């Protein structure tokens, strides 16, 4: 079962919108960051990771975002281009903004944390006027991610992108990706998450993220079925609710529900699990697989990335994904 | 013809949300403000004026807003209460915000301008958590006004109020009331006007205001019929487009359209025309009049207010309105 | 005794630097502001009042400051010019700043309060580059007032003016004029008051203002003699410490001390007492009177202004001052 | 010749005030940062480097500053303590500020650049109330550095520290350390540099830094002798003006002037030259060496640090310094 229809006469498969930043991953793991001394630099940010994952899987991928006018910004754009991602929608900040940073600390596979630098981040300086209607209508799908809603003008740029997507039948995927540190107020967060989700075809988030959105409306209980049905009364066709170790459940508008399993792997760190899941799940749906098969592809991609050092650079190719699905042990949960 | 249905088992007729401020109207008119020396103080702000107009016409009226913790703020709350407006939804700022001010300059009936004080205005400090679902569900209707969307947290408070209104079948009136000086960016303005309008039952604005909203979507022509039809595909039942001296036109979802005329009057100043029109038009609709009759009531109220010194204090009672409609000359345009 | 020497070959007697704003004085007195309905507009701001007082007394007066590009700003500049104040040093803001406002509430002669509008005030937008060395060196004296130190760039503009004054032997008068509402932090306030006072020849303030400055340095006791001596080790020649109803005391570097008395009057409000005192005291010193005679002139001017409705417009001419000193009852305290 | 006298009955030799941050030095040198992939983390910031240099040379060293409440902040405090620096004056930010970062790019020994992260930096959040008079009076000397003047409240904290130092006869060293990226306005910068320099005993800066300070006062020519004499009329005893490759010149209040030479070395990068110079020069002066010998010690320290990868961790011990001075080639310039 796969309810999505795509406008197939488009030169791009998917355009991601939002955060482009730098991960600085500690090379010395299993210790607190105070005791690490070197870091390796990678491109990061949820939509960047998903776009890289999509491109590795062979999708024609574009990006709408903004980078700092410095060495970090140039590194990001160059890396996207090396990964065959079209950067026509990536603009360069001229106000002295910096590239967002995420220093990762890996104390143990279960105990990872991130030290963020988000002040004056270039990615949040994307203006509505820098979002091109012509660019968006060239794509079958648009991916948005919640962090881009955290501040103006990026917030409004996302809403403009959504208007164009709706106008031109571009299927919209929304990876909630709620990061509290970039937001100032929980009610503010929930308002914009709800307004954006109304315009999306596929919504992917954790139970906690959906709870945050529902708390605004004084909805007390956490009921997956009810949560999904709220969005089916708007535009959604598929709603995926992730329950961490307990797996995920996808609902479709026609009443179907599908549970995913997990591929066994050697976990190095948990970062990147969500982004790799999203990129392969979307890839599965866009290449005509059933919802449950697409979920399995998402799980396979996630199990690859969490066994590697980076999030972005670790994204599998189509061949790696297939091989992993053939060889790794898949467990239902 | 009147397509609106109201939940009649509610203790309040209408709750207005948003700006509460002070007008300081020059007592010496027909000269530039440099040459005026005294000012008279009135309550002002579009939703405040509409609420006062509604209460004068006999509607059970409430307000959701925020006032400064000073003499101006207390004056506003006291004035609302004297006018029988329920102020349970009016909170008091504790951050040192001030009351917004509008100094009016009346050089001639055609040449009026306003000098605004909107920095650190208390009305824009209304938080989502200060909007009560219980309060809103006690009202048949909610009135929002665009200025409250100009900044956070008031912007999010309005969206929360809209969510509650939709949830509880409260009819929403939206007076666009676009004031460029309170906004920083035209695209930002248009994004939030469009998002709010999607959730409203009746939308009232000038042609220029609708143009501003459509420019974001690269809609070039100014076509009233098209403008109205955009909103009928969302939630709207009635869309009123005002063309200044050329009168207004109202569209209803069923395809009807209605043109208003104008009552002759001695114009002192043009301020307050829109607010008085809105309060009487809404009153007409809520008391079961046809759309065209309600428009005529709006025009009558406007012709009374523009012949008087203030906006708020000049609002007519039901008896004054009826007498004026019986005696003044009504012209179609 | 008068220790001050002036460079007499200068076209201007005194240039005031800093705040130019508007007072809106309640016309209905002896009641809270909630119950007043009309206000009269006057030029206000401590250095503006002192400059107007100086000009009325016949001094060739100039001003360095910034006004808003609106009707209030133009009114201020026009009023200064009508009072024979040179406005070559007054620039016009181009950033959309507004004119600072002070609404006065006169509940009784003893119970007056002010409601201030200081957000985005044009006077605090004065840039160092807008302070002209050529202009300052044309004056015998410079008057600064503490409020101009409250925020950048006005703060730096004052320090630049002080550098030029010291460089060109321009005598500097410092009226402390500490208004807590314009400052965010008491230590910050004290730092800049102390740095500025080091460069001044005459310092005039209340005991409370000097206490605020000394608290930073962990000086516990309030000792007038010690306070004055701190500044004599820098550049000061005269230090005046005001004790409200208990009169003032002036110290001179040579060890002299002088107590002022008070002229009996019919007090309407207490606003403007300090500014009128300063303008006539400075005038007395600059016209060669002894310190104690200059203090008496200050007291006479204050007693005139507090019996009238405004601060600025109430400033006496030389003739009014002389007549008042001849006729009013002077009491030592 | 050495004009400085120290209060020798103090438990600390020197307290540095100001910036504590992190250097992230590219491990792959001789290429643009876009092409580097790993970075090594060091403590950085001019006063931090000088304090570390002082402690390595055996001085009893303290610090007044503020660190972020995160892994970077804890790393800094731990590193200072490991280097025997007293951290009683180091407070921890509780507002969510981050640690300032400096990514270094070493394209060639002559072409180095820094990518700074200074938004919301914890070091600039030091409050005047966090500067302890009791702590400062326990030290013979205080070192301030210009960057701490860049923003409030750190700016005011420095002025408070200067007040305490003057009050308790603590000798003040001022390393100008002007970094344009942390300042918004050149006149603002010059105002505070000049106000601070008035209270310092030893001022160390480049010709360009002194020019920036003098431009404010419309001083056109760059005259070392005149520059030095300006400060001798205030409190300075020694003024050092650095001319890059052309060496430095030190002036003493008694009219003396001394030129330094340069030790030959294998330059890896130029960062850290100024800080290492300052730490050894101050050490020389505080241990009773002549000005010219202290300058030679400064040059020796600089030649060691610029041949190594870091700034802070590269600071020589007393033994290393002595050996280097005995073995390296010293050239007059």
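Every chain is named by a letter (A, B, C and D) in the order it is written, and numbering of its residues begins at 1.
Operating definition for what follows: a contact is a pair of C-beta atoms (placed from the backbone, for glycine too) under 8 Å apart; a residue touches a chain by one contact, two chains touch by 3 or more.
Note that this is a predicted model, so its numbers are computed, not measured.
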Chain pair repeating C-D, as identified from B-C, A-B or A-D when over half of the contact pairs by residue number coincide: A-B
Chain centre separation (chain A, chain D; CA means) in Å: 44
Inter-chain centre distance, chain B versus chain D - centres from mean C-alpha coordinates, in Å: 60
Residues of chain D whose C-beta touches two or more other chains: none
Chain contact graph, described as a line, ring, star, complete graph or other shape: ring
Chain A to chain D touching residues, read off their complex: 24, 27, 32-34, 36-41, 70-72, 74-75, 78, 98, 101, 103, 105, 115, 117, 119-120
Chain B-facing residues of chain A, complex: 127-129, 133, 152-153, 156, 159-160, 163-164, 167, 185, 187-188, 191-192, 194-195, 216-218
